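The structure's right below; bear with me while I get my questions together.
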């Protein structure tokens, strides 16, 4: 497992400058390297679609890396509705792709139906666990990166009020909320947390308005786990004076508004996609459920290159210390609100 | 933190943002429907305006030009509605639906081709202070009211919407007025779209209009086809969504608050709270 | 035969015009329309799987399109097919999860539940129109949103299944409509929809109730004169229209998704307006236009992956088709029955 | 009266050789027509004779296919009615073109609003209109909304629109059709005043007596052609009637009844009915109709007759009172139930009510009987075809084809289709509104014969007509309606026109 991610990280570094994260909709490239038969990779986006600068984009980035790194031939199909998942998956299987990524837990049941019909094709699903011999399930411990984001937020907040902004309520988003709250609690017992949900992943303007209200209600840091609504949240932080921050999710959103996005809780879907693609190119498909947490390098925070200077002294060190605890298994981060209630904050000597 | 005063303050801050795009679009609907053309394409026209503004700003970095282009786009889309409704005597509802479908498809298609990435545009230069547009919207409410009820143009327009043959015999060019009203309505609806994109958020994203065009349509009906009524309805609907943002987590599920404009409109046109009566010839094709 | 050809000429012309205009759109953005439509055609009919998937899309569009067409015949514009589809799908999913009967009983019961769910949603608009003269155009638009938001509340709250997504619990295995062709998703819903179309054609033209529905659609006063209570007919038409749209949702749930999700439909209810109009509101015509739009929707995926043309382009085609069909003065226009602007002499 | 010679001024308006076609129908065929200042020139003719077409051509609403128009001797060509208005022509349409939600002043000044500083000046407009109204003794409140006005007042608003523009040539299209007698008298005063002011007045009418009382000259149109034009002192009712219909009809030709009336078949007691605006239209009417009797219901159009007929047939729920038919209280029964009890109805508005124009002939032949004749749930279309053929056999429908849409027939043929459908041999009760309106003489005679025939078979008939001659020629008894009440009852043989007229006017008052 470690091996996979070292490769992935290297690939990411190499590709970082050249690809820039953008890719065409349905790039069906020819084989760049000229080896005998390039691997055919494909993915199906969830209804959020490409351009979310988040989850689907991250997966697509991994795929584009695979194209440049491995000379893979890649295809992306977008889904407009939940009933598109199955035909999209089938279409890609029919087109003879070797490995097909299903992006998102919404595809769980569709993949469960499609996979047995194409025993020779290999599938991977992100964020869900599909129990089929030809499916690799990839789940992430978002609560762990959210915890670290909570640590940074709890240490950085000047008003001792932080906020969580979710999209549509669901167990997945709950993970982010629980981990974040636990992190804040651990480092800043005086901090209160506001929670709101936009009820949408698309309505950018709403995301902005919610964030504005959260700021006005006293928060100075908003953790936005709300799809495209997060873009509105970042925009709101931009229109505020110094001292107001948003924490992004899934992709590195720091660069959208340098100095305003405190950090982003990364979910390295791109790395996972590339790692799996690399294995696949050697016809070595890992089976079962792969769980990617901090330990596996599947989640984490950004390097905070724009915001380092705004952090209080020792904040980064504290964060690293918590990371070590989690990686070592000494700290189990709650992933549901029920677990959060039972969570006993773990204080380090160095907290404020 | 949750004293009534603070709640009121928070609502007062969000409300204009919620209301502004609705008011623009609803005023567009009011003008068009007072002239006798039902415009259910407000949603699509808003999306078209929002998109055109972002593309222009992306290419030229000129926000004023972007808003101008948005308005032109709205006028062009409304002109399609007017042409099919007037020159082709097509059913206005059918044409409105067609424009909604066409525009939503076209913008999504163009997002992919213009920005090279589907779904959303990158961040583009936008208005530094979108509140300007809120004041413009409020001013337009008064302007539209004055035009409709205190000027010859307004009287002619309403005459055309009420009884086109009477207007025609009074020497008023019914067809020209209907074209003009529909196109002016399109310009306003597109302004509402531009507010959402280059005004408030500085990006375009598929689905970002998120039903506001239909809420505006509801406001036109709820406001009994008058500028102040429609703007009041927009403010009323915006008040509820603002309360929803500020007070979220209360006993009422979010969806029920979001439903409110739609339910109220149904109640209004069913006549339970004072009959909502459209202009007499609203939606009726005019043939000489 | 000659008559049928003449009736088909308008829609085919409107289609051709729409394809030409959208080709120019593609050319303007440096896309080869021939390649795009070629890929579309290949995706829609190029393989057994593809053709089957086209027919799957056709099924939902046919049910909903028949619904819109029936309302049109009664002089009503049902924009609410999407909301009725959602209501039908949700009812079906509830029934499918709750009932445990042999498939031969369970499936019809679930279909019935879907039809009833849709009928209620359509019927509300019908009653509001018949009783209070409220324009069904506005009420159905508003009811769509009430359906979307209400079902979204239900699946994220009271009716939520144990899946991670906001969805209802899966339906019972006995409620599942199995594919009628192996390795496809094509179920008996398609033959059912075609049978319904044929029945509806007969019903409209040959039965007293169909005659009265058409009479109300053409002339409400004449219908009243003929002893018909237009209010009854309006409510009945909206019930039927809603039931048909509800069946679209029901068959999606029973045959494809096996549970209800608030985002069940990719806008079938809206496309069905185009389907009904292109089919000239004639049930037989609707079969063909549903097939066309089914192919368009399905082929769009291949167009996107093979030719790199965003599939949103088909919405452009769809919108253009509606525009051209609605034009009364173009040779392709269908001279659709003028709908009465509002109810007369309601009491 | 009109001087001729080189010194005489040219006519205010003159039209030469006006021809207007609608498809194959020639609505105006080389029509010549003129009117002088200070003259009332009446234009008469049956419905469909081409009067409205001619006026629409003169007013710029329609473009003629041939001919020329001159105003005071100068050639003009109107692209729209605004051109005509600018040339000094004003027209009051039979169906008022008023905006209900606007005030009187706004309606009168529409298109010519008074403004001050760019904004409309309401006060100025209202005082101006008040002044103008006072000049013609119209008791109108300029600030009142038109929707609150009665018919007579609305007509005054229309007149003010014309007068405000100071139209020198005024066209009045059947202005008395919807007026009560007292209102008619007031209108006559206005017309005379217009003449004395030196205006040219074109009066479109179909009531010969009004023409005789008001006009200086009369022109008769028949089938799109001028069949005669003469000064009023050389005209009499019989001559004009001849010119209108083309052959002498004996207005007093009453055929003797062959059977005596039977028992009371229909008993109406204290029937009250509301109109579409929910205002009382029929106010406590009681009457009986016997089997084998034609009861003529006379009155000026718009006095509740149509609502009364609709209430009898079950289209309009009574607001009070009862209707007993065949010894059964049918007040609450639907039209369908009354129909299956043997009641039938010829409605006034054949295009909108009596037919579904887009249905084919066979389908229309079944209209109203679709349930009674059904086979299970199926429509008996073969029966529809047989019925249509039977109607054609009896009334010879021009261009008959069972598969043809009703819209493709002429208005007269459409009326024959309805009448033929409704006057079946087994009809027990027939309610007829203006059964011969717009049909040719021959068809009218057929319809009249058939009405008597049905009566003689024992049916009860309520005949509502706005043509007093028709009422007198057919009825056994005549009841006069005025303002929703029965103003009088007469035996058909003894009633004189004067008596009937007085009765029609009797209880009405100026609104």
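A, B, C and D label the chains in the order they appear, each numbered from 1.
One rule holds in what follows: a residue touches a chain if its C-beta (ideal position, glycine included) is under 8 Å from a C-beta of that chain, and two chains touch if they have at least 3 such contacts.
Every value quoted in this text rests on a predicted model; they were computed, and no experiment measured them.
Visitor: Consider the two chain pairs B-C and B-D; indicate the one with the greater count of contacting C-beta pairs.
Guide: Per the contact counts, B-C leads.
Visitor: Would you mind checking which chain's C-alpha centre is most distant from the centre of subunit A?
Guide: Ranked by distance of C-alpha centres from subunit A, the top chain is D.
Visitor: What is the distance in Å between the mean C-alpha positions of subunit A and subunit D?
Guide: The separation of the two C-alpha centroids amounts to 78 Å.
Visitor: Report the inter-centroid distance (CA atoms only) between subunit B and subunit D in whole Å.
Guide: Measuring from centre to centre gives 45 Å for this pair.
Visitor: When the C-alpha atoms of subunit B and subunit C are each averaged to a single point, how far apart are the two points in Å?
Guide: 27
Visitor: Could you put a whole-Å number on the gap between the CA centroids of subunit A and subunit C?
Guide: 37
Visitor: At least two partner chains per residue is the criterion; list those residues in subunit A.
Guide: In subunit A, the residues touching two or more other chains are 24-25, 78.
Visitor: Could you say which residues in subunit B touch two or more other chains, in rising order?
Guide: Each of 112, 118, 254-255, 258 in subunit B touches at least two other chains.
Visitor: By the document's touch definition, which label belongs to this structure's chain graph: line, ring, star, complete, or other?
Guide: Per interface graph, the chains form some other shape.
Visitor: Output every touching chain pair, sorted by label.
Guide: Listed by label, chains in contact pair as A-B, A-C, B-C, B-D, C-D.
Visitor: List the residues on subunit D that touch subunit C in their complex, please.
Guide: Residues in contact with subunit C: 276, 314-315, 317, 334-337, 339, 345, 347, 349, 352-359, 363, 366-368, 370-371, 374, 377-379, 381.
Visitor: Which residues of subunit B touch subunit D in their complex?
Guide: Interface residues on subunit B, with respect to subunit D: 146, 150-152, 155-156, 158-159, 162-163, 165-172, 280, 288.
Visitor: Under the definition above, what is the set of subunit C residues touching subunit D in their complex?
Guide: Spelled out, the residues of subunit C in touch with subunit D are 206-212, 214-215, 218-219, 221-229, 337, 345, 347.
Visitor: Applying the document's contact rule, which stretches of subunit C touch subunit A when the two form their complex?
Guide: Within the complex, subunit C touches subunit A at residues 43, 47, 49-50, 53, 56, 152, 156, 163-166, 170, 183, 185, 252, 256-259, 261, 263-267, 298, 301-302, 304-306, 308, 310-311.
Visitor: Per the contact definition, I'd like the list of subunit B residues that touch subunit C in the complex.
Guide: Those residues of subunit B that touch subunit C are 38, 40, 80, 84, 87-91, 93-95, 97-106, 108-110, 112-113, 118, 211, 214, 217-218, 221, 253-256, 258-259, 262-263, 265-266, 269-272, 281-285.
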